[in-house]
Amino acid sequence: MITLLFFAGLKEAIGDDQIKMPAVGMTLGEVKEKVWAEYSIEQVKSCMVAVNEEFAPEETTIQEGDTIAFIPPVSGG
Amino acid sequence: MITLLFFAGLKEAIGDDQIKMPAVGMTLGEVKEKVWAEYSIEQVKSCMVAVNEEFAPEETTIQEGDTIAFIPPVSGG
Amino acid sequence: MEKRCWITDQPLDIQIITEKVIRREAGAINTFIGTVREFTNGRKTLFLQYESYKEMAEKKLEQIATEIDQHWPEAVTVIAHRVGRLEISDIAVMIAVSTPHRSDSYEASRYAIERIKEIVPIWKKEHWEDGEEWIGDQKQTRPGIPLKGEIK
Amino acid sequence: MEKRCWITDQPLDIQIITEKVIRREAGAINTFIGTVREFTNGRKTLFLQYESYKEMAEKKLEQIATEIDQHWPEAVTVIAHRVGRLEISDIAVMIAVSTPHRSDSYEASRYAIERIKEIVPIWKKEHWEDGEEWIGDQKQTRPGIPLKGEIK
């Protein structure tokens, strides 16, 4: 199982700040597709994704225990 | 009579922070020449001069009561 | 070693943060303080809510400080960002950089705030009199997507 | 109205000076703090002595703040310079500028320190282990001569 984290507007749209799902062996892109298929939230596709607190490309293969964070466009500062 | 003010290295070279002298009607350039003639300090000629707290060109004519400050290259900040 | 970059829900202390970078080798300190502004494009903000992905945000701030170390080896950098509810004029972010000479302090400080707006997972929600909105979610105000080269 | 530019022989207070520019209209504050550096070109400074032509120096600082008002109409500027004997790490000068947006705060702050080094009658004497010298007196370190256009 892996953990998905959602923040800011995406968290509000999903209705939860985290969900668990089986995804070991999938790519990050596939995980995004799966979340998109389930929630139909436009931002899921466009936002950046981090694996274990580091931005990662869509080709990344998910490992057991990974934490995947969906990072909407940031607005700190 | 007018008042001449000296600062920093020039004050130390002149040995005083101010002197009074008659100079009404003279130009600022002439005052510099006069001070130079008396003290032979190279910096007198090269430094900027302010009349009544404002930088002034050498052609300025001195009025009674003016305060003339010799401003060595500044090094604040 | 004390942390040089952190996220907190407590008020940021200008004096304490600045003092962290004062040292005998430095002759210049530049600080940047981002505060909550009341009006943006004529619209009145009541307050802001900042949220972060704290662990990653602290790592990314630390990455920015490391980038500064590389570009300006003589710089000492501190960065703090506040989260939670912030009122008008409250300090959201503070950067302090000390360097031997002044140019570097300005450049490194500027670099830090620009990078914060690019790569650090912190979001703000504007609360107006007539609504609220997560900033950065709209295409026209999207500073948040790191360049490809920044993805490790 | 309270003075926004001043010369003092007392320590400069970072908190107080910064707070003078915090306001609801501003979202950005840049501060520059010049401190006494221990080493310059490998030579060890023991302490510095700053001297000013106080009345004129305050006028010139005020002139710089006015120039900033003209170039950056939304800026609020405070500048303070300390004189007398300063030890290593003591603050000699502090500039604080607040603006609605960050670019202006950096630019105006930088403008202020560059102008201070050009037109404000303040001098420093370096005291080294093996001597002392008024800085600015030597041709090679002479930032102090205003351009002709600056003479009114």
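Points worth noting:
As written, the chain order gives the labels A, B, C and D, with residue 1 at the start of each chain.
We take it that a residue touches a chain if its C-beta (ideal position, glycine included) is under 8 Å from a C-beta of that chain, and two chains touch if they have at least 3 such contacts.
Just so it is clear, the model here is predicted, and its values are computed rather than measured.
Touching chain B and chain D together: no chain. Note: the chain lying farthest from chain C is B, by mean C-alpha position. Rounded to whole angstrom units, the spacing between the C-alpha centres of chain A and chain C is 24. A straight line joining the Cα centres of chain A and chain D is 49 Å long.
Among all residues of chain D, those that touch two or more other chains are 34, 113. Pairwise, the chains that make contact are A-C, B-D, C-D.
Looking at the complex, you find that chain C touches chain D at residues 14-15, 18-19, 22-39, 88-89, 98, 100, 102, 105-106, 109-110, 113.
Listed in rising order, the residues of chain B touching chain D in the complex are 5, 7-9, 12, 43, 48, 50, 53-57, 69, 71-77.
Taken in their complex, chain D has these residues touching chain B: 34, 50-53, 55-57, 59, 81, 92-93, 113, 116-125, 134-137, 141-146, 150-152.
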